[in-house]
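Once you've had a glance at the structure underneath, I'll fire off some questions.
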């Protein structure tokens, strides 16, 4: 299994969780975070700080999510993402939602 | 001059200054973001509620003129801003359009600071003004986005949704409607929370805003003198037009001054969120720095007393 | 009818509605959880303090009747709830017991809304009522858990610890005792914080509660009309019994109405925590949706004015 | 060394940290988090959001903790857990508390 | 004795007790850290603002004596603390110096509790006292650090920066200056937020402080009776000297009592941060437990009424 | 690529982010956290809770940062750190800032 970690400016919360769901992701965990990066600026203080979105997924979904995020957001938004190998028990829980996966 | 100093030596202006100093001396002072968001929610609701009560006491006919003027300026100011930002500021089309959206919209905190400054000068400002803030908030952003002429498909639509359902407008409008529906008597039950401590909450809010604005200052050098100059000229221009026009259509001295400050202000809450979504290529380092790092302090220190003086002269 | 509308057009009810709308239009408005928890702490302490001061001024003899009635209803209502939830709601034993625990306990916010509604109608409610809220909070939960008849070993014990040391009861009781010990004069020193702005804080709290309740609405369809109906019948039944009994033992009109609303209400703070620990198999989707998504708005909109009318008729 | 990450509804904080200590865990870090999962509901808003508990442990302790958590909580509570390989310096700090470990 | 009980049965003292109990019964009550930080910011600003207004009304000449006395005690008390901590407390050099820095500085909350206690007794305390708190906060920490005589290179410098730009001093000084510059009239516009609800906010703050202090109690056993005893003797000694000296230089009864409590108190905000940076080898388990777990409750319960009595006797 | 995770008492925020920047780190993400460890005490409640600092770096930078943190902070401060293998897209973003790296 893979853990996908996405750090994003808060504004994109809905867009990114939507994207995850479309890829069949079954669950995710979100933490508030601050950060510094190449852009060196938090575009909207009022929207709250960065968010860190973590989701456990199968390898295939993990790669697809990484590609999509990179393609759609890396150029113009304060978004960073990485992939980690993890071990889980009862892995079925993290397999993609079937009807979404076959899309 | 005395008016200027009188305006500067007020708790809220000094709170803003204190925030700037905190940043400069690298103090570890920070308002936790949950508190900051709580303060914003409070301020927006309170502005709305107060305005709503006033609306419930204002004959609709009296509103027609001011509302039309607000709409007109909401459409015009993004154009003037766009042109100046292109010509004087030397910005590219997208950055100029993004920034113009900010100058077309309005900063609720500048509005409130103007209200307080005017109150201090004992020149009554009409109670319905917060309703105009709500009216002014949206059109400028839309015009600004249209000026970019190349938002991604769906960009404008989702930006519009962002503006209209964004907490900024939502809370102010919500408060406005509740205030109108409930009227003065019922709202008085929540006045010890929403009305009396208002200025103190504003004090805290400006402390944080000072910290944030100061963290924009280091971008000023990078932005260059052209943008700083434009960030001072735009509010002067817009405020002068608005104050004069307001006096012309018969608004009271105090109202005209506050109205001038409103139109002169640049949004740093609703606009950045919408622009970020519709025009991701525009640089927040430019529009945020201009709105919050240049124009907000300019208005707080110079703009407001200027428009007040102007309103007194023209009426 | 006019009473109903009069009740609905109040700042706190409209704040709840605003929260619901925020969710419906998918606004990004949210009260940061730290602020929400701060508001809860404030409200519970304030209710306790106010009640404590009143207690310090009430002769103990006057309390015997109301306290006994409260205990009796705290034991009875989980049974009636359990039966209706099984028969009409078609719930399984565990879910029915879990939900019954909620209906046997009390919602502090419903209580406060009732106090405010009654205050508005100028019918005095006794100051000792918050003490009854504290009394009512616990027994219903215990009876509910016992009805499940199969909590894991230690489950009830740790659930009891959860209820008694849970912040909800702890703060209200703490405030109650401090208020009683200190008395009116000393508590007046903290009144500008805990008493005067109370209703305004409640406004903010209900805004958030509206958002949360609305997020339960989508579960309503799934819950089915049977549960929605039960969630309306139960408060009507419990409230009618409680109001009538209260009038019977001589409580004033205002007190009887508030007492009715208390008993009619379903806990969504203390009970969920305890039930979650003692009955993990019960579905929060059912009991939370009923308590917060159905019964709370029902009481806010219909229950409270109903019990007020009833109290006026029976006394 | 292993990093055990447990995402749990807030209510279980005491129970889970207790369980960790019984397994000889020497330290842990807790972050507040929000989340969506199969249950799609946060059982008690008032109790605060989810918690993310992270602890660095030896491989053996890591597996034991995963098993216990899975056994006790996966069925009825909003709990998710995963295991990651990590590298630390001065590893003695993360070895289980001796008298607990031999239990 | 009656004075003692009178002092103990006050909302703020009972709030502290409630916090301790919450911890003891293992309640899940906790003030979210964002709220706690918000409350601290509020209290420090409010103390400063109130003090600033008073300063603006005090002839500078009147301040010379009290300021000099404050400086003298700020330099002396770390020495006496160091000696007692070494001899009676049997601490090593570094831990003794670190702890001495805390006793040389001041606890703003103890100061405020003393102000409230004195207010209750209707003996006026001078308005300029908060300025003395600011004066007292720094020198003791520096002397304490110097006593350790082996801070890492740069340690003292960055500790000094930490103290001077730390939010504690920064906010109080900021408030003080804004209050002085604006004067009573302008500050009155923010009084409904910063002045009236002050004691209620203090109530909440002490609730949290009780929880934190109680979590230090388990370290008390480890600390041993020697340290507990020292933690009670030091404030008695320092407070007695300060109260007497204050009466001697002509401060009013109320002022002398509050001044005594100030000097008697041990910092648990500014000092720990600075000490942690300059003396990382010193154990927070010792200095925090003594300042917050022993001396703060001692002053709240016994010290303040004692110094008040003493001030009454000596003047 | 490596993910360096540092859990530290809040007081050290500036010192540690400074250290990271000196090592050429280009960005990091900070989350507020609570924790228990060997010290069992949070040195300054008022300074806020612990912080969790995460940064994606090249292997070389990761090791250097771990060494430095361990050396400077492990003995006297409440600091814990670990290293995880991660995968990223467009890795150039995480390479050390050149002029800093060659120092």
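The first chain written gets the first letter, and so on, giving A, B, C, D, E and F; residue counts start at 1 in each chain.
As a working rule, contacts are C-beta pairs under 8 Å (C-beta built on N, C-alpha and C of every residue); 3 or more make two chains touch, one makes a residue touch a chain.
Keep in mind that what you see is a predicted model, and the values were worked out from it rather than measured.
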Could you find the chain whose CA centre sits the greatest distance from that of subunit D? B
Starting from the Cα centroid of subunit F, hunt down the chain whose centroid lies farthest away. C
Type of subunit A:subunit D copy interface by residue overlap (half), same or different: different
If you average the CA atoms of subunit D and of subunit E, how far apart do the two points sit, in angstrom? 39
On a C-alpha centroid basis, what's the spacing between subunit E and subunit F, in Å? 34
Let me have the rounded angstrom distance from the C-alpha centre of subunit A over to the C-alpha centre of subunit F, please. 22
For subunit F, give me the residues that contact two or more of the other chains. 31-32, 47, 84-85
So subunit E residues touching two or more other chains come to 28, 32-35, 37-38, 197
Can you list the residues on subunit A that touch subunit B in the complex? 9, 11, 32, 39-41, 43-49, 76-77
Which subunit F residues qualify as touching subunit A in the complex? 1, 3, 17, 26-32, 56, 84-90, 93
Give every residue of subunit B touching subunit C within the complex, in rising order. 32-35, 37-38, 41-42, 45, 161-162, 165-167, 170-171, 174, 178, 181-182, 186-187, 189-194, 197
Subunit B partner, complex, touching residues on subunit C are 9-11, 14-15, 18, 21-22, 25-35, 38, 116, 196-201, 203-204
In the complex, the residues of subunit E that touch subunit F are 33, 36-37, 40, 168, 212, 219, 268-269, 272-273, 276-277, 280-281, 284-285, 288
